[in-house]
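Both of the next two complexes hold subunit A, though its partner changes from subunit B to subunit C.
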Partner chain A sequence: MPVLDIRNLTLWYRTRKGPVHAVDDISFSLEPGQTIAIVGESGCGKTSTANAVLRLLPKNVARYEGKVIFDGQDVMDLGNEEFRRSVRWRGISMVFQGAMNALNPAVRVGYQVAEPLMVHYEVDRDEAADQAMEALRKVGLPEDLVRRYPHELSGGMKQRVVIAMALILKPKVVILDEPTSALDVMTQTNIINLLKDLKASDRLSYIFITHDLGLASELADLVGIMYAGQLVELGPSEGVFVRPKHPYTGKLLASVPRLRSEAAPEFIPGAPPDLTAPPSGCRFHLRCPVAFEMCGWSADEFVEQMEAIRQTEGSKIPPISSMSVKSPTHLVIRPGENGTAADFAKALGSFSNENKEKYRFLKAIESVEPRTKSVEVKLFESSPPPYIGDDWRASCWLLKEGGS
Partner chain B sequence: MVETENLTKWFDVSLGLFRGSIPLKAVDGVSLTIQRSQTVAIVGESGSGKTTLGRTVIRLLEPTGGRLAYNGTDITHRPEKELMWLRRKAQMIPQDPYSSVNPAFPVFRILEEPLVIHKQGEAKDREEAVFKALQAVKLNPPRFFANKYPHMLSGGQRQRVAIARALMLNPEFILADEPVSMLDASVRISILRLLRQIQNEFGIAFLYITHDLATAKHFANRIGIMYAGRLVEEGPVERVLGEPLHPYTQALMGAIPDPDPANRLVVRQGLPGEPPNLVSLPTGCHFHPRCPIAQPGLCDVQDPELRELRPGHRVACHLAK
Partner chain C sequence: MAMSTPIGIRAAFLEALKTKSGLAAASMLGFLLLLAVLVPIIAPYDVVNSWNNPTVWADNPKLVPPEWSERFVGKHLPRTIIIPPDGEPGGFKRARVSYTSEGQIYTIVVLQQTFDFQYDAFPSEIKLYFATSFGNKSPLVHAYLERPDGQQILLFDDTPSLRVPDVNKFVPSDVITYSLSFPTFKDPSYEVFANIKSWLISKNVTNDTEWQSLYPSPTGFYSNPPRAQVLLLADLNHSMLDPTTAQVLKGTYTIRFVVNGFSSIDDANARAVIYGTVFGLVGTDDQRHDLTVALLWGAPVALAFGLVGALASVLIQTLLGAISGWYGGVIDEFVQRTADFYLIIPTLPILILIGILYRPSLYGILFVLVVFGIVGATTKVTRSIVLQVKEEQFIEAARSYGASRGRILFRYILPRVMPYTFALIALTVPAFIFLEASLSFLGLGDPNLPTWGRLLGNAYSAGPAIFYTFWWWVFFPAAGIIFTTVAFALMGYAFDKVLNPRLREQ
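Let's look at the complex of A and B:
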């Protein structure tokens, strides 16, 4: 039985520009002792996913739904107080990003490590001190550290203290949010080795959030690739790291500068989309190297891309006086001076035939019809790609059922 | 183009009123040569002195000892007033694109300012130079970006502005101190590629300071590994990373994972302890307390010299062969 089963988890934030789709319909499950790495660029919803699992929500939540089944029980039904008492930290704990710099400088380390115990179990001081020492020993720190203050410790030691705090109530699942991002490489190695040890000795399950694919492969049994609030690929690390199914995963892997390979790293053109208005269809289509007809091009995007390539291609594109959007799949272009609609339609058709591998949005053209003074362009209809696969799934229109 | 010989930069750390001070040896005897249109990467952990080395090389700091020469001219102790020419020829790309550009200036003014300060050209020439620089860093169309304020740009675009500013005075040498560490992984590569293009186009030499061995591998010609204020290994990238001779370089390389599902099944070799405190350095080789192969009686007594063990590849280790 999985220790954690997340189904259709959704978390939107309310802003003046409209709801931010930070986490959009995410599902995964974790067996005891299993680690899932959640990888993606900044702003794609990794930390929001963690907050949604632990129900650490800001005031401006617009939508929070789905199932979080922990140890067989759907904890979404619990009241906030009940959730805090029985799930948060006791069942699922977290090492927050940069937490080592949030230790209280005026309080001895031992007390800070023991605090969850005193809050949750009301144990007495001596018992708490004993357990704090035990927790420190477990993360490879000397026991006498309980009487020290945070400023006396190095970065690596502080990070171990924060891990001890997350482990003190003996949770089954620990969420690690960029647990080594502020540390030097050598210290990072030591922390990762500690996490590997704990995973093996205590059968801990981790949700490991990172933007670093190399680091992800140090702990991950499962890899979830996040893009624009969605899990676009989820599968065993033997598969995802070696033969990625989703084009985004492929691009992400190709962008890693490797120490043991001469392959020059490539960058992913463009930037992640604005999550208040995520692109239709597949959210990655604007940056995708293999996007085609039905990936989700809208008429607005078509106009935007057309304007952009008019800057670079200039004279190769027939002159345009205006473009107006009629519906998401329908726009009207008025040719520039001296151009008839029929000539324009022909020129646009041949330009798009020649360039649609280079400018993939041109593939979205379903038909170009000349009218008296203008040209009507119809685009292909699109919808979000379905998940394909069971144990290893990805959402991309180019994947076929059963194959890759 | 840039040559340092036994360059040192010590800071005084006060021990309290009347108790005097002791030196903090941030850079302790570094000899390095940077050739025209070449990128030299300096890699080290935090506190290894790499940033201080960079700042000393472009004379933002005055060296405590040793010699620093730029195109054959000794500038070790030149007074600031006589360094205006160096301020044009040597530029810097800072780490943090959020705090290094004036938020109250539009991009145009940020880029024009170096020209105004150095009294270069008329208003019209300056405008042309600004647009040219924006084009060089691929902020197209230049007129569109010239009117933007920094808060309207993404991190990658701001860093492009910082690069454009460094290009305004046609420099020969650019110090890039962790230019991409604040950026997202996918943007990093595009900025490093841009630096490479600029180097090819304008023949600029780079000193690339980083903690990231993997980007250094792909974007530098030579690499120097720093530990506790000293250069422990230096040479062409292919040689140093192909056959690392210093145990610290070997440990550093062993600590960096490439994406590989087999990684989770093995324990990575770490190093015991922490880098030393720069006010009380270990005797002999600074690395000996953490070194897996240190020999008592040798490594803890004698300072290892940087020796050329392979053509162009220098190592500071008694035991390297």
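Let's look at the complex of A and C:
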């Protein structure tokens, strides 16, 4: 039985521009002793996922739903106070991003580590301090650290303190939110080894949130690749890192710089999409090197991309006086002066045929029909790609037949 | 960053001590604190009850500078000489004899004592106190001054009608006072001018016409009375008529009372005060108050007032600001709008009104000030700091491991805010000291306490000349206020330097 089973978890934030789809319909499950790495670019919703699991919500939550089944119980049904008392830290704890900031600078390390004990079990200070010493020993720190203040510690020591704090209530699941992001490589390795040891000795399950693929492959049994609030690929780490199914995973892996290699690391053109209005279809299609008809181009995106290439291609594109969007798959183009609609339709057709591989959005054109004064462009209908696979799942239209 | 912002009050304090301004402030405040603690020991005084009681100060000269100021003029200036009554050491010596002549009993009492006058200037005033007890008939009293040059001047003669039950229990405020320098009109001691005039004419020092022109008195009233203390103690020559040229006749003088009584019970006692022209460490004011006492007692009053006021109002404001920033929502709105309201209330006019209506004591003023300071600028500053701190990760961490909101406020947020609060307290103390001084200056302070502000107010209301002539009356209380406020301001700046990362030197 999985220790943690997350189904269709959704967390949207309310902003002035509209809801931010920070976590959109995420599902995964975790067996005891298993580690899942959640990998993705900055701002793709990794930390929001962690917060959604621990129910650490800001005030501007627009939507928060799904199931979080911990130890066979759907903890989403618990009230806030009950959740705080029975799940948070006792069942699922968290190691925060940037340990330097996760410690109260005004409290000695010992009491800081013992703070969850005092909060949850009302242990008196002396006993709490004893347990704190025990916890510090467990993460490989000297006991006399209990009397120090956080600012007297090095980054690695602080990170160990934060881990000790996460483990002090003996939780079953620990969320590691970029636990090593501010540390040097040697310290990173030490921390990862410590986490491995703890996992083996205490049968802990980790949700390891990182953007460092190397570390993820080091620690994780499962890897979830996150893009724009969604898990685009989820599978065993030996598989995902070696033979990625999703184009985004492939690009992500290719972007890691390698030692002793002349080749410059690749990058993914464009920027992550605005999560207040995520792209339709596959959310990666705008930056995808292999995107095609089905990937979810909308008329708005078509207009945007067309405007963009008019800057670069200029004269090759037949002159356009205006473009107007009629529906997500339907737009009307008015040709520029001294051109008839029929000529324009032909010119556009040939341009798109020639440049389809370079500007992949042109593949979305289903038909171009001249009207009296304008040209009507129909785009292919699309829907989000299905999530295909059992133990190794990915959502990409290219995977329809099971290949890659 | 080479150093991180120190954590906690103790660390901040130690760090602040390392800066120059912090060290200066600490030594200044240390001095003030020591003074405040020692004042009740070195100047034990029932200040509250004695400040407004003139008899306590009667033997001090009026409006004279401090003793050490004689160094500026290079002269040995006269100190106050007190000749106590008979019965006290160094007091008047009394001889009394009764005899009968033609069936009538007569009693003669002679009281005399010498004083040595070796100063380079004349006294500011001379007062003789005289007590007598007699039978049916008032005795006849003659008072004489015998000078080192052998001259003996009759000061006045009188038949006093005021009787005291026991001349040996001499209470200056209950007996007859003969003020030789400033007699009241028709006072028997008024004769001293006439007696001096006839003495000087008899010695050919002056003549009637010159005397009349110097001291015109067509109705028997002098608009510009002669200075008896100068004429009586000056070298006997023409220069003595002008106080600026008169030379002091140094030597031993004798004051003598001769009392002719008409019964066997007649007796008398006397006391004399020859007032100096310098006094104490700080001088005196127009009410003869010893300003040293006021200056010293001003220190603990100012310190206590400033510290208690600043501590109370800043701590309350900090707590409310932190609550406002941390809990947010309706609480935030309520606290902030109240703070806005308080900020536009004109505190000083309201304080003046309360001062006029109720004449509150020092504690009352303090209470009103704190009540008007429970929310204000510090609430807003603290709130803004808290808004920043509450986004920090350790707060989120605390929330995640289940710390309650109150626990986070008191264990996580307030300790982060306190060092700033400490700096604010140090900077607010001067504001309170100034406020108390302003109120006292306006005459609305505690009526029983001599505070620095009150001394300044008294000096100001005594007239504009005070500010130029009687510098000690203005200088010392002002210096006290400035010293204390600068000390606290320096302390605040030192804290600011330590706690404000932008001001820190790397």
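One rule holds for everything that comes next: the second predicted complex is superposed on the first by the 394 of 404 C-alpha atoms of A that agree within 3 Å, B and C clash if a C-alpha of one lies under 4 Å from a C-alpha of the other, contacts with A are read in each partner's own complex, and residues count from 1 in each chain.
Everything that follows uses one rule, which is that contacts are C-beta pairs under 8 Å (C-beta built on N, C-alpha and C of every residue); 3 or more make two chains touch, one makes a residue touch a chain.
None of the values given here were measured: they were computed from a predicted structure.
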Following the overlay on subunit A, give me a clash-or-fit verdict for subunit B and subunit C. fit
Which partner reaches more residues of subunit A, subunit B or subunit C? B
In the overlaid three-chain picture, which partner chain does A:315 touch, first (subunit B) or second (subunit C), both, or neither? neither
Is A:96 touching the first partner subunit B, the second partner subunit C, both, or neither of them? second
For A:268, select first, second, both or neither according to whether it touches subunit B, subunit C, the two together, or no partner. first
Give one of first, second, both or neither to describe whether A:372 is in contact with subunit B, with subunit C, with both, or with none. neither
After overlaying the two complexes, what is the shortest C-alpha distance between subunit B and subunit C, in Å? 8
Residues of subunit A that lie at the interface with subunit B and also at the interface with subunit C: none
Could you please specify the touching residues of subunit A with respect to subunit C in the complex? 54, 56, 84-85, 88-89, 93-94, 96-98, 101-107, 115-116, 119-120, 149, 151, 162, 165, 169
Complex interface listing, subunit C residues touching subunit A: 4, 7-8, 392-394, 396-404, 407, 411-412, 415-416
Complex contact set, residues of subunit A against subunit B: 35, 41-42, 154, 156, 184-190, 192-193, 196, 211-221, 236-238, 241-242, 251-253, 255-261, 264-269, 271, 311
Mind pulling up the subunit B residues that touch subunit A in the complex? 45-46, 140-141, 154, 156, 184-190, 193, 211-215, 217-218, 241, 251-261, 263-264, 267-271, 274-275
